[in-house]
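Structure below; questions to follow.
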């Protein structure tokens, strides 16, 4: 894979349909992308689509919440792109199932979301950061002046708990804590770590029947992708560490 | 244990030396207290002290981060106080060891604190709340007009991540998310759920050599206890859901 | 007034009926209180009531938003208590009228609330702090170990703006900014500055017809007073800088 | 001015050297820009530069903190562009002098910043919003699909007070309160209101000697402009209401 050595790549975890796919396609306009998702069924059409449209995508079915799985994905990535690969952008967009049951009715699955999201975010960060720091930020011509960027997809529940939302809020608060901690630890070394608060329903196949009477009331996933791309373009003199994204009609 | 039936109790998890001991002694002025801590070595002198001073304390060595352990503690508590016991106050004060290592150097212990604190907080809440709701708040004469109260000890890291603090911040953010979610779910049923942000060094045996040159620069654990007691005394028309506690000289 | 010299006093601005009156009566249990309010009609019965119940109250009709007015009140206070008077507690509880009109319909009165509350808070702080720092905190036996305390009454709108709430939110945000700045400037000198977020309807004569079907759904003003008294009692090793107060049934 | 009728304009208040000039030049790539600043000395070279580079700029020396002044500027703008002009973007970037004196030493100038910034922000918003709502957001082809956007430049002191920062923080908190209130009032009508937290030293002529040893440690004003332009480009399904901008090496 020597030919790939000179080009930095982007890695997207949670590259399922919807937001993950939009992010993948956006970053594929600039980088070869590696897409991680639990099942190959959601990866395959996305990978095919990108490759057919002039991009370069590699899909690796991976459970990032499992450390061995995540590490084995990194091994495959290195085999594919070379051991000295550079990661220009890494996006943690893993959605977790969470229990909405009343607290006292929830079983042990109450903590599954925390396990999945928080551990996944930690595993993913630990795997990719070493390949991002090799990147020298604005000194690296290959990046077009773009510092390496690690972005976490968050939600309203990253800022505020709610009845029946304990499971989800614990996981989203924890990921935000990780994002802030990594931003403060690695920012001075030129790594841009950002957290995005997605506050609203995302317009996907699954939600197509929601809110049909209010135009534009669901977040366009392509604009989540565009916002992440914007974050990646910020020079190190002007990093945004947190931004919110919500439809104009959302109450907040 | 029929004689205990009429009296509500207080349960303190993390009743080791320091803050936990102060809280235990404060609530023991009003209630029989059940004290949970990992090791009996820290429980025994505290239990003895309370019982010798006219209070009533039961110490149960318990690892609240382990669901079976927590449940077996509740079984013992019910055996002791009767199956229809009432919990007037429950305090989650479990301190977790956390890694301060640079993120990339930390091993799997990075997530131990999250596991311990977040799972512990969830296990504890699930175990005690059913015995608190039985309590009818201001209608229950035994409580002296005090609504049942569930308090979580938090830290600065519940609000802000930091370099080398990812492990700790993830756990503290998650506990705050749980506290907010429970407050919003059970508040309307009269349960007072509060989160305290302890921002500063606590004056304990372990910290006695710190900051000796600045008087009162360490938080008096008896005043953490006094503040929790104040929270417990608030009627349901005026609940405080979050308060901070820090020394006058702390920068924040 | 030489006889008063040895006793610290409390000053309450915004000592009208409702919360102000409750605060005045609570602090009058420990200190002679000076009560400031725009009109003597609301001051007179309160002052009379306190004096008849064994307390000592001095009412001074004062517009604290007017610097000359505030200064002249301080001159009168010094005449009464002696130039070397000590202020143990100062409470800024001034309610401001604010426009709830749609933003584009509001006239110049849109900024009146900001003017009144923010300037009032600044005038009041500047007038009282010099008499609080003279107080040596825990060294002053007259205070019973209570550090001097300056408390600002805030509202939900101190944390969050809203449609039609610009006028009110601007003033409440600004007062919170002042409270934080003073806490950080004077905390290290032993002055306790705190901000209280009153989030809900306060049970007063004016609101007696609201929410009658939900018991305890309005904040008991005596418990606002009790919470302020609690803040005043905190030693300098454990200052609370912000607390919220809301009914159990309030959604937040 | 019939020829101008069909083109929406941008208005920048606080269009002095530095950030204001960068914003003006960025928005002048898409719109005729109206530039407001206190003195014509800072406006003139900027206006000349934009006009010489293919843009169209109109400079109006205006004190936006004075309502009559602001209104008279709007009258001139209408004379120039026609009474039915459309404002696509309005940026409030007014910097205010503020006192950093210790609180007790500050004179009446303590409140000048609040007066200037908060009143200015309110005057400006009231003047421009009526010309923004006329704009039908994504239905207006002239805007290239860009909803009308009102942006306020904020600072770290919008989130946190500090010793000697009361004057500045009060004004910045108040502007943030206004931004949030307007966003919630006018968002549902398609107006995008955003608040930017500029956290760090901006690289300008005035600051050129600061931090010279740390590369890129000052915020590039062109990237503040670029970020504002990005906000303006967001469709109404994905509005960002607040973002922060700080150098990678800034501690926060």
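Every chain is named by a letter (A, B, C and D) in the order it is written, and numbering of its residues begins at 1.
Here is the rule we use: a residue touches a chain if its C-beta (ideal position, glycine included) is under 8 Å from a C-beta of that chain, and two chains touch if they have at least 3 such contacts.
Treat the numbers as computed from the prediction; the structure is a model and nothing was measured.
Novice: Given that chain A and chain B are copies of one sequence and touch, is their interface built from the same residue numbers on both sides (over half shared) or different ones?
Specialist: Over half shared, hence same.
Novice: Between chain A and chain D, what is the separation of their C-alpha centroids in Å?
Specialist: 32
Novice: Between chain C and chain D, what distance separates the C-alpha centroids? Give it in angstrom.
Specialist: Each chain's C-alpha centroid was found; their separation is 35 Å.
Novice: With centres defined as the mean C-alpha position, give me the chain A-chain C separation in Å.
Specialist: One centre to the other, that is 47 Å.
Novice: If you look at chain D, which of its residues touch at least two other chains?
Specialist: Residues 184 of chain D each touch two or more of the other chains.
Novice: Tell me, which pairs of chains are in touch?
Specialist: A-B, A-D, B-C, C-D
Novice: Considering only the defined contacts, which chain A positions touch chain D in the complex?
Specialist: 138, 147, 184, 187-188, 190-192, 203, 216-220, 223-224, 227, 230, 234-252
Novice: Given the complex with chain C, which residues does chain D contribute to the contact?
Specialist: Contact set of chain D toward chain C: 67, 102-104, 108, 110-111, 114, 118-119, 122, 125-126, 129-130, 157, 160-166, 169-186.
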